[in-house]
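One chain, chain A, appears in both complexes that follow, with chain B as partner in the first and chain C in the second.
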Partner chain A sequence: MTDPADPGTPVLRLHQVTKTFGEFTALHGIDLEIREGEFLTIVGPSGSGKSTLIRLMVGMDELTAGEIWLRDQRIDQTPANERPTCMVFQSLALFPHMTVGRNIEFPLKIRGVSPDERRQRALELLQLLRLPDDYYDKQIGQCSGGEKQRVALARALAFDPEILFFDEPLSALDYRLRKTLEKELKDLHARTGKTFVYITHSLEEAMVMSDRIAIMRAGRFEQIAVADEIYARPVSRFVAEFMGEVNLFEVSLSASGEPASELLDINVSGGEYPWKNRDESGLLMVRPEFVRFLSASDTADFVVQGSLQDEYALGSRIQYEVVSSTGRRVTVEKLREDRYLGAPGDDVILGWDLEHTHLIAEA
Partner chain B sequence: MERLHSRLGLFSALPMLVVLGLCFLAPLVVVAAFSVMPRKVFDLAHLPDFSAYLVFFQQGYYKPLFWSLGMALVSTVILFVVCWPLAFGMAKVFRRFTLVLTVAVVVSLFVSENIRLFGWVLTLMKGGLIEGHWRAFTGEGFESPLYKVPIIIFGLVYVYFPFMLFPLAQGIAMVPDDARQAASDLGASKWQILREIDLPLAAPGIVVGSLLSFVLAAGALAESKLLGGQTVIVIADSVETAFTYGQDWPLGSALSMVLILIIGAMAIFGISRVDLDAIIGRKR
Partner chain C sequence: MGASRTTRIVLVLYGLLAIFLLYLPLVSITFASISRARYLTFPIKRYSTDWYARAIESSTVSDIVTTSLKVAVIVTLASMVIGFFGALAFARYQWRYRGLFQKLILLPIFFPQTVLGLALLMWFNSIGVIPSWKTAVIAHLVWIAPIATLIIAIRAYSFDPALEEAARDMGASTGTILREISIPLLMPGVISAGLFAFLLSWGNFPLSLFTTGADSTLPEWLYAKMVSGYSPLVPTVGVLSILASAGIIILALVLAKLLRRRAGTA
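Take a look at the complex of A and B:
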């Protein structure tokens, strides 16, 4: 795993990559640098262009404009079969007429590796993916979903790619198996040291596995950063909402960056704000887990009053929905042991501190 | 429950099995019975002997059989090579134009085979459509390709074209696109994809198309008669002659049985190696 803070050596660079389908532009001049050995996850809703992007990177589609560089070699005109990259498909795309062993050996056979050497490597990969040796002769149709997943990974690793791409390979699996394989993938990344580029619409998958996350929307990157950064300091309303439950308040800003809102009671002492005032308005953001229920004597930098509308059990956490006097909903999340000891209908005071508050420039 | 299902299947298929038994198996049994009758008899009330089979070897009837099987084999190979790119286009590339092509090929079947072959005779004969026009413009004629073995094979390819094309297209349609893409992604060239992915996965279509074409071509008669002018005698010709001019039903039956056994063995061997359920779309 790479140090997310270290920019590292870029192994793949995309410069102004554009893809159009007739009148429709799927990708608008994408710039991206993928670092050697990192686990980068590209996340976005359906139709955001992430699958189109991965197909361009592996060479299955031609780009309309722009350049793709692998180290110091331009590869956007290189056909898929001549690129040193490889992809694990959403459908896995295993060859149904071949055994597990022959599937794994396929890229080696294509390169003309001798049968003995192929078999040896396939057995090593079975071991790496924690599949028993006797799976070598097993038919693909006899494997379970998770086993097929591992075979697809083993086949891709047999190719020994510079970069391994994943196109939502876990999306068809049930929750428990997905969770197991997420961890296995992360572990495999650490053990192989390869560069992994993963595509998913599941934020959870991205958060568990990635060094960096790139959020995509309508053919553009909204933000590329480490998971914590994106979660705590999103650059837009879209990213903030995409990364999970969030409370956003429109505020107007003074020249010193001091926010003002009819809804919020703001008591920041000293008036030192971590953000610079670039616009006259913005969105104040606080995640639900940082919002506290206050007693009459408690203080907080930001305070809002309302009544408790509802509560929902989310396993280890409880989510509360509070509606302010002006009808604004505020979401609060507490661990079960810190639950609010009251009932829906109660008048409540909510508060949070400046250190957990982030300003999004867009209003 | 499963037993009930399999019984329901049997009951549902029973009427069809009865019809097939009466219309297909019964005539076969009669032909088989006649093939072991003494020569030139017209009923089955005789002690069996194998004299008709002996004649097959003694009087050189294996030659027409070789011609039939040989020309059927060559035309099947040509059909496969010619139809593969077109079938591939129909299954993977042409999209809605596949329907146009399908209709165009099927419409040709609306005209009887003999009439279409006579059309080729008029086109290719000396003084016909091609040679006639050529001579009219250049003043020099050329020899007609008619009445030679290659033109018979051309006729077989022409007539049995749909019987190879459609099963092949069906077979190629069964090759998953992502498997082809994955193979390319893993470094395979177009030829390697053809060899490693397309051919094995389209095998049911290839086997069915090849069997249909081969079986029909091996029993074909009109091509050798009309286009070949009986340059070579095919086995179907010998069977017809034995039943009609020769008035030798046992010989005709014995010749038929030899052909049926050879083709039947090939068909069973071929079909046993493919997954017919896959090609009729019950599973993938």
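Take a look at the complex of A and C:
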């Protein structure tokens, strides 16, 4: 795993990459630097352009404008079969007419590696992916979903790419298997030290595995940062909402940066605000897990009053929906052991502190 | 809910009747081929396999079978190749007017074969080509290659384009992808198309009638013998022709099964 704070050496650089399909522009001048050995996840909703982007990076499609550089070599005109990159497809694209062993050996066969060496390498990779040796002769059709996933990974690793791309390979699997494979992928990344670029629409997958996350929206990057940074300090309403449940309050800011809102009772002592925005409007953001139920004697930097509307059990957590007198919904999440002991219909006071509050510049 | 006993009996009888009607002509010609009498009468008084010996020894029959076989084999191989690349072009690539082209290519299947045969004969004459078994190959291809394309395309449409992309991504050239991925995966479709092509060509009468010129194929010869000078050689050669077709079908089914097993989809 790379140090997220260290910019590192870029192994792949995209400069003003644009892709259009007729009148439709799928990617608008994308700039991106992928660091050596990092696990970068590109997340975005359907149609955001992430699959188009990955296809350009591996050379499956031609870009309309821009440049792609692999270290000091420009590769955007290099055909896919001459690039030192490899992709694990969403459908896995395992060859159904070949055994597990022949699938894994395929990239080695293309390179003219001898049958004995190919077999040896395939067996090593089966071991690395925790598959028994006798799977070498197994037909692909006889493998389970998780096993197929591992075979696809083994085949991609046999290619020994400089960068390994993943196009939502876990999306078709059930929840349990997906969770197991997310951890295995992260572990595999650590063990191989290779650069992984993963695309998904699942935020959870991105959070579990990545060194950095890039959020895409309508053919542009909204934010690229480490997971904690994106979660705690999103740059836009879209990113804040995409990264999970969030409470956003429209505020106006004074010359000292002090927020003002009709809904919130703000009692920040000292009047020191961490944001630089002044004389503007913005969105104050707090994640539901940082919102507390207050008693009449409790204090908090930001306070809002309302009525408890509903509660939802989310496994180990409980989510509460509180509606203010102006009809504004506020979401609160508590661990099951810290659950609120009242009932829907209760008048409640909610509060949170400045340290868990983030200001998004857009109003 | 299960069917009542009466319903079951009616269904079985209906099935047997259908099979009887389908196979009655074949049974009739088989009896005709082993009857010593010149014309088939029931009950058969004397059985003989003499006509089979005569058919095998006859140089005319041998020439006719050779011509038919030449036409059918060339049509089969050409249809498989044309159908394979045609199916790939339709299923794998996006190009302008693809839909229109696809309809135009498949249209000859629906033309009446006699009209198609006549049109081809007129065309051959107009360009100064003397009709022979070679022109029959072209005529058969005009009708059969689209059918082969259609059969292979069904398979081509069902296979994931990501398989070819994955192979390319791992360094494979177009030739290697064709050899290692596309051909093996489309092979069951190609075999089926080849089987159909052979049988359609082997048994074709209307197109051959107009386009073989002085040469003659098996169905043409059978027809000619029927209308002028019937002998038990006609049903005998007919039975041998059916046996050859059945042999081809069995061979193709075995081959397709082996391929499916190899592909792990059996």
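The criterion applied here is as follows: the second predicted complex is superposed on the first by the 361 of 363 C-alpha atoms of A that agree within 3 Å, B and C clash if a C-alpha of one lies under 4 Å from a C-alpha of the other, contacts with A are read in each partner's own complex, and residues count from 1 in each chain.
Keep in mind that, in the parts below, contacts are C-beta pairs under 8 Å (C-beta built on N, C-alpha and C of every residue); 3 or more make two chains touch, one makes a residue touch a chain.
Nothing here was measured: the structure is a model prediction, and the numbers come from that model.
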item: Partners on chain A (chain B, chain C) - clash or fit; value: clash
item: Touched partner set for A:G141, first chain B, second chain C, both or neither; value: second
item: Partner chain in contact with A:F89 - chain B first, chain C second, else both or neither; value: both
item: Touched partner set for A:S281, first chain B, second chain C, both or neither; value: neither
item: Touching partner for A:H97 - first (chain B), second (chain C), both, neither; value: both
item: Shared chain A contacts, counted only where both chain B and chain C touch the same residue; value: 58-60, 79-82, 85-87, 89, 91, 93, 95-97, 106-107, 110-111, 155, 159
item: Interface residues, chain A side, partner chain B - complex; value: 58-60, 79-82, 85-87, 89, 91, 93-97, 106-107, 109-111, 155-156, 159
item: Residues on chain A engaged by chain C in the complex (per definition of touch); value: 58-60, 79-82, 85-87, 89-91, 93, 95-97, 106-107, 110-111, 139-142, 155, 159
item: Complex interface listing, chain C residues touching chain A; value: 160, 162-163, 165-173, 176, 180-181, 184-185, 262-265
item: Chain A-touching residues of chain B, taken from the complex the two chains share; value: 176, 178-179, 181-189, 192, 196-197, 200-201
